[in-house]
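Labels run A, B, C, D, E and F following the written order; every chain starts at residue 1.
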Amino acid sequence: MDMQELYKRGLAIRKEIFGKEAVERRMEAVGEYGAPLQNIVNAYAYGDIWARPGLERKMRSLVVLAMTAAINRPAEFKVHVTGALNNGCSPDEIREVLLLIALYCGIPASNDAHRIALETFAEKGIT
Amino acid sequence: MDMQELYKRGLAIRKEIFGKEAVERRMEAVGEYGAPLQNIVNAYAYGDIWARPGLERKMRSLVVLAMTAAINRPAEFKVHVTGALNNGCSPDEIREVLLLIALYCGIPASNDAHRIALETFAEKGIT
Amino acid sequence: MDMQELYKRGLAIRKEIFGKEAVERRMEAVGEYGAPLQNIVNAYAYGDIWARPGLERKMRSLVVLAMTAAINRPAEFKVHVTGALNNGCSPDEIREVLLLIALYCGIPASNDAHRIALETFAEKGIT
Amino acid sequence: MDMQELYKRGLAIRKEIFGKEAVERRMEAVGEYGAPLQNIVNAYAYGDIWARPGLERKMRSLVVLAMTAAINRPAEFKVHVTGALNNGCSPDEIREVLLLIALYCGIPASNDAHRIALETFAEKGIT
Amino acid sequence: MDMQELYKRGLAIRKEIFGKEAVERRMEAVGEYGAPLQNIVNAYAYGDIWARPGLERKMRSLVVLAMTAAINRPAEFKVHVTGALNNGCSPDEIREVLLLIALYCGIPASNDAHRIALETFAEKGIT
Amino acid sequence: MDMQELYKRGLAIRKEIFGKEAVERRMEAVGEYGAPLQNIVNAYAYGDIWARPGLERKMRSLVVLAMTAAINRPAEFKVHVTGALNNGCSPDEIREVLLLIALYCGIPASNDAHRIALETFAEKGIT
């Protein structure tokens, strides 16, 4: 496969998961300087790995929430809460991941993740 | 619910996931000194959180593999590779988690996780 | 011991350490969604582990400051600065922990911890 | 060498790298309480290690950007973006480090680092 | 104070805590190449910070066990288990730290720390 | 550019840096199961990012040593010590990175990195 196809496929998947506007806003914000990293994200992350058939998107979302909470990256975690909802995860399923975070990564990691999840739900009018 | 019931329920779940012998060997190895932590593991981790109905065990396993690879705890990751297989995850589904680890936690974390997963599969005669 | 007793004992200890109002505000903020995590915090963290007699509260506070600074969880660290003061730690004793953080976790971790400690002292009128 | 000389030498190097005013503002902000940590920073970090001849300052800056992005300390990373520019690193050279961060520490770490680098460049009128 | 005095004072403290032989063996093992880091350890870590009067050694040991377990550095953690025992910490007090690790850094971190602590106690004939 | 070209270019660069045999042994060891990750390593890591002209290989090596020591991945760090030597870094330049690690990531991280660096030098007959 050609790199440009991979990029196009990945960008399309990314927009399905996070919304066209949000992705375009993000890509504009980082401009030329951020273009090589955006290529990694679009072509390699979404065009290759996320496009693989071996695990459904909903499961990938829960797994990525687990990882981004574990490595303490709140901005990324927040983006993937939105992605998880769009991929069909319920707030209750997300909470199960956050409770496992308390066990395996500690209560402070789970506290932080709860705060961001609740904030994101509130922004979307989910109560 | 009484604490002793929680402990008993958790210990039963834990043995279902990891095997009766492995759990008993582990608990004997840490003896009296490790008893309060074993109480946390049995009663709180397995008796409470893992017993919750909101997410099936197979999904919990993938999520916990993600977390333990992310936080760099190889001994725990290895135990949960066995748990994941017993909970019905295929080696290919586990691999999808490990590829997401490369994206979100970096290639070295994914290399380490691949090594341990392959070693565990080999021990179990899975090729 | 019954789970509800454990929860009640833990909630009482937690309010002694952080103040009744602060704990109630926190629990209200996370509502129903956060209730299972609040159960972990109240019953397991404070009702079980913090209630153990083997180490006095003041020492526990210094140890938890060390951990939360090390794992880079500023919101939790800040809460435990207040807890440490209420448990009888002096700002100078807290500083000794923060200097050890510089040695074992690096200067950036110690810089962050100093900033939060000073901010918390200022909020409490400690100079 | 005497400790006071080490301190003086380090403080001078630190001011060369980050600017006299910025360093003085920082040292005033942490006052008496922060003096022992400032001693570690001035005498040990800049007076000893940064003063060593074995690696030029520009290379040290890139290496420290790598470390502070990897360990997730955004405030420190931001300070060292300024230091890197003053030590002769170009924005493009800094970007190469940030792309390596994506590979070795994961995309979220690289996203965070890009955001801070771009913000710092904008504050300095670098486009 | 002169740097050489700081170094001498620190080396003496270090030998009191970990034993003369163990420290000398360690310093020989890293030789010339490791001398600058050994200077950091002896002069700055033990000659300056550990020599400060604001916190007794026993408390410092518990705090450093917390940090080294939290940041996942088993070799360092093991050395400080010995140091903690020599500084008057009982195995039971050490266990209280390890249980707090389970809460704040997760169960896998506490499992790893228990394993190393028990191994060290066994080497010393403590049962 | 076509993905296969990217892969081929990356694999060639990787063999230049780490040695043909070492790379082939590593790829054989992970077999079919590891092929998708090897594709990430060869095509994306070495074919894309390491192939970029903006920073010389020697500098990239020092930066990657900094990252892999910081994130606590000893197996990866060890591989990159060899890579750094092959890319023209001297043991003394590597040591400067390791001393910066002590400052920014803490002494235990620097101890671990020194141990692995010395072990690797010894294996190669560098004294």
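Note that contacts are C-beta pairs under 8 Å (C-beta built on N, C-alpha and C of every residue); 3 or more make two chains touch, one makes a residue touch a chain.
Keep in mind that this is a model prediction, so the values were computed, not measured.
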Q: Check every other chain and keep only those touching both chain B and chain D; list them.
A: A, C, E, F
Q. Looking at D-F and A-C, which pair shares more C-beta contacts?
A. D-F
Q.
For the identical-sequence pair chain D and chain E, what's the CA-based rotation angle in degrees, nearest 5?
A. 180
Q. In terms of residue-numbered contact pairs, which of B-D, E-F or A-B coincides with C-E for over half of them?
A. A-B
Q: Would you kindly tell me how far, in whole Å, the mean C-alpha position of chain F lies from that of chain C?
A: 40
Q | Chain centre separation (chain B, chain C; CA means) in Å | A | 28
**Q.** Rounded Å distance, chain B centre to chain F centre (Cα mean)
**A.** 30
Q) Which residues belonging to chain E are in contact with no fewer than two other chains? A) 36, 40, 44-45, 49, 52, 68, 71-72, 76, 95, 99, 102-109
Q: Over in the complex, which chain F residues touch chain E? Could you list them?
A: 72, 91, 95, 98-99, 102, 106-112, 114-115, 117-118, 121
Q: Please name which positions on chain D make contact with chain C in the complex.
A: 30-31, 33-34, 36-37, 40-41, 45, 68, 71-73, 75-76
Q.
For the complex, give me every residue of chain C touching chain E.
A. 44-45, 49, 52, 54-55, 59-60, 62-64, 66-71, 76, 92-93, 95-97, 99-105
Q) What residues of chain E sit close enough to touch chain D in their complex? A) 1-3, 6, 36, 39-40, 44, 48-49, 52
Q: Could you pull out which chain B residues touch chain D in their complex?
A: 103-109
